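In the two complexes below, chain A is the common chain; its partner is chain B in one and chain C in the other.
Take a look at the complex of A and B:
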């Protein structure tokens, strides 16, 4: 038994094993409580599709050697900005959705480039600096959201007529457009097929990219910078490529997220979002140095099903207070903390 | 020749004090734009200096010991709040209540500080991000304890503080029973400014204790660690132990600081009074000209003064300049985050350049 436990934890890492066990316990509790099981499965699938691409954004940054992207909120802010522009252009449905995505790419790329230049000058401290760069840009953008010259009445405050609202409803725009695409019912619950396919396509594209010449060079630069440099790879350039890609995917990720969620959350909304994505990929078995597509997929499924199932189950056990939110906080930061102690040992 | 020399030394002064000077200019503009009268501002400053400076001073020792900015003082603040909650449960008011809160908070702070130290010893070189994440994680545990254990494992039956279901603490606890317990012990009115003398004396006492501590053998060890941990290790200093002591002292001071802070505020937001404590204290210290590797008492005082002046005036300045108080409020949180980000970048950049130059020499 002990040998079995050790082989399991060695192979998958403690976070993955513990989260899987926790998820199993929650599932059993859900059955005991006679929860609506198909509904829970649907909720889990929706959340996986919603967050998957944000988690995928960690892949290029980790593999190019800049580590977990704690500054992902920069890309998220770009995505939200592009989404607001698409509404200002008065677009609807899939057209609005894809315009937002296309618009976000140049913003995120520019921000990613600048941020990459910065990260090249602060090697070894990317995590702390990423966190605080993210925090400061999000709070700077709080002023931006108030002052930007948007005119669309569904986005600006009804009273005063200036400044964007804290949450912008997408119900009339592109809420659920990919969730409903090719959706079919299983056990009476709709499956968000389009969003899941989008997540799958993102994973496949990333997998292909990592096999291309640029992808291989990027992985080499992240894996062993000195060796890569000796082989004529421009390590700093590869780190910038990784950072740009991460930001672009983050920007797309938030648009997909908003599509499924039905709202854009402005102002301090993006502040803590990177931590969720980071935690998910760490649960999937990634480290601050190495991450694969399978880490993304398994981490996203485990972490976000956990959140989806824990909500009704825990609330039924303890209706008062916000215990499921507390569980989310403990899991998210506990996992990151564990990963940090591992990094310390590697050095 | 002499003039040249004078010029360079003047430049040096500007370079050394560039951050506080810059903020002084921003503050002056803010004060002017806010159109507030001097007595109001001075009153606010005396209150804020007395209630926030203790927490900022708690940051100094880990910086000297080379552990960077201790974002985990949030955990100390939680210990302080545990002390206050205990006092509230036992219903002890006034100055005795304040002392009891400190007394109850201290063992928790010692324990938490020790635990923080153990984790930070496992993550050398990554103390700051670890302490930040540890703060968030501890916040989760804190919420778990006070949401679910209160009324179940910890038998408290007081409808004034427990949620209507009988389990969990309410979101806001009224601390009227110890509000101004220290501030109002002796609060003379000096030209319209009511100065909380005893609180300021407590802060001054802490300044002297830190000054004294840095000169002792322990203080020398802190500084040795701060200069180069490897050399300190080689010269026989038990580095892990010294780091544990540094972080424990910081945590205990933070706990006391939070008790002082909340005796002025008078309400405890059970689940988020502590959340931004770390950020504001660190930003204040950095505004005073401190860095990740260097912090002094005078920097803490100047920084707290400037940072909180900015806090007082920015909503009013925002309203007068842009017609929106909200802009001023966002501006000050941007300043808080931004000053931390810039300071971290400068430190990391310097470290990176030093490493590169060393590599070139080899």
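Take a look at the complex of A and C:
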């Protein structure tokens, strides 16, 4: 039994094993409590599709050697900005959705490039710098959202008429456009097919990228910078490529998230978003130095199903207070803490 | 007679994991004498000192056998504190000083003179205040003894290196009970005039009755100050002599001399008119610890050129500089074209390949498969092992099938022992990791292959395999090989010519069959002054 346990934890890592066990216990409780099981499955699928691309954004940053991208909020802010512009342009539906994505790419790329230059100057401290960079930019944008010259009455404060609202409803714009695409019912609950397909396509594209010459160079630069340099790979450039990609995917990720969620959350909304994505990929078995597509997929499914299922189950057990929120926080930060204690200890 | 000896080591042996690094060493140091301990790198000098100081590395690996007799009594030195209590002091090669502290604070560190104050009377001795005046007086005295005229209240940071060395010594002689002082290559970082001064100081100290154990590989210094000399080689004490019996040539020969097995092939008579594939002009390299200072050298087509010398003299810097891993200056020509320095990509594109001495740090992607380790350089620089995505040339993907085929061939050709081409490089043994590094270099199909310390950290059986492999490549493919190694025996067994580097400069080029004396003198930087002795 002990040997079995050890081989399991060695292979998958503690976070993945514990979270899986926890999820199983919650599922059993859900059955015991006679929860609406198809509903829970639907909630899980929605959350997986919603967050998957944000989690995917961690892949290039981890593999290019800049570690977990705690500064992902920068990309997220770019995505939100692009989304607001698409509304300002008075677009609707899929057109609005894809315009927002296309618009976000140049923003995120420029921000990612600048951020990459910064990270190249602070090698070894990327994750600390990234965290505070993210916090700073989110705070700075709190002023930005007030000052940006948006005019659309849907977005600006009703009273005073200046500055964007804290939450912008997308119900009339592109809320649920991909969730409803090719949607079909299982056990009476709709499946967000389009969003899941989008996540799948993102994974496939990333998988292909990691097999290209640039992808291989990027992974080598992340795995062992001195080796890469000795073999004629420009390590700083690869790190910038990784950072830019991560930001671009983050920007797209938040648009997909908002599409499913139905709202853009401005101001301090993006502040903690990177942490969810980070803990998901860590639960999937990634480390701060290495991550694969399978880490993304399994981590996203485990972490976000956990959140979807824990909410009703725990609230039924303890209706007073918001224990499920506490569980989410413990899992999110606990897993990050565990991963950070492992950094630089593998030799 | 017994009492005359401050320190006697009797039959001291030490094993690291079954590997005997010290074999029954005896060492006798009299009070007030300067005893020189000389030997190549890896001769066992440091291990001996670690034993003398009770360093944890000794006791964590099973301790040693034999006896240490200090002042006539058997001593059990289990920790550095034991050694200090006995009166053994050490002047380190790398300064053990706190840069932000003043000279006095460094000298008195952890031996501060304290006085009572109101709080310490209540809360105990650890809160006593420092008696700075008394500390400064002691420090001044110690510095004066060394002939140093310097304010003792300036911080260490910013002092010239020579001064730091003297502060180290001041700290040791400030310990009142000091009986034996070990100098570990103290002159390595000093300028000539400073070194002179240091030697004078050593003479002074020994005149005051302190025994000095002087570890060095500068043979002229040994002859200048030592009263007796112990020579070590391969963990054995091979000779002990008085200064009057010693000559430079004699020490050099004993230090290097060992049976050279020319196992591999007959020494080829290298021909002066052989085609030159690379000429190196005024090459200087800023590699920390292995600085190269303006070297000129020629590499001939189809030869195995050995580069030897003691650690820290710059031999490692040459290949690293040419390959662009460390900042280099000067000119390197491949044939008639000048190589752009400080650009690893250009170096590889120009037909050079490099197997680094730092295998796990620079040589391998430890968490990547063997096959990717083998092909990655070629893929990135020569665009091999790639294919288009669905025939699109724009996006080039790695060609898994071709990579696998090539890796299988390499694994078979070089006999890499692994579970398969997708095994992680980390899981291989040292010798097999080295073969993966060589396989990567071969995949580049280089004109000239630079190999640094190819046998470092791998076991004896694998060493021979690696050397045989290099010879095979040289013979069968006509590849020009430049091998840098700390092991002279290994260089002499396969090279056609051996360049010896001393103090960042080329000391000379020898044939492998030349005498031990010549090799010893060259490695000690005394070859040119041979006639004088």
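Worth pointing out:
We adopt the following convention: the second predicted complex is superposed on the first by the 344 of 347 C-alpha atoms of A that agree within 3 Å, B and C clash if a C-alpha of one lies under 4 Å from a C-alpha of the other, contacts with A are read in each partner's own complex, and residues count from 1 in each chain.
Methods note: contacts are C-beta pairs under 8 Å (C-beta built on N, C-alpha and C of every residue); 3 or more make two chains touch, one makes a residue touch a chain.
Quantities reported herein were computed from a predicted structural model and do not represent experimental measurements.
Once the two complexes are overlaid on the shared chain, A:55 sits clear of chain B and of chain C alike. Look at A:101: by the touch rule set out above, it reaches neither chain B nor chain C. When both complexes are overlaid on chain A, the residue A:143 reaches chain B alone and has no touch with chain C.
Legend: residue contacts after superposition of the two complexes on their common chain; A:85 is shown touching neither chain B nor chain C.
Contacts of A:248 after superposition on the shared chain: neither chain B nor chain C is touched. Of the two partners chain B and chain C, more residues of chain A are touched by B.
Shared-chain residue A:125: touches chain B; no touch with chain C. Once chain A of one complex is fitted onto chain A of the other, the partner contacts of A:156 are absent, as it touches neither chain B nor chain C.
Look at A:323: by the touch rule set out above, it reaches chain B but stays clear of chain C. Within the complex, the chain C residues that touch chain A are 323, 325, 343-349, 354, 356, 358, 361-368, 372, 376-377, 379-381, 383, 386, 389, 395-398. Remark: chain B residues 119, 122-126, 128-130, 132-134, 136-137, 139-141, 143-144, 147-148, 163-165, 167-168, 322, 324, 326-327, 330-331, 333-334, 336-338, 340-341, 344-345, 347-349, 351-352 touch chain A in the complex.
Partner chain C is touched in their complex by these residues of chain A: 208, 211-213, 216-217, 219-220, 223-224, 226-227, 229-233, 289-290. Residues 70, 118, 121-125, 127-129, 131-133, 135-136, 138-140, 142-143, 146-147, 162-163, 275, 318-323, 326, 329-330, 332-334, 336-337, 340-341, 343-345, 347 of chain A are the ones touching chain B in the complex.
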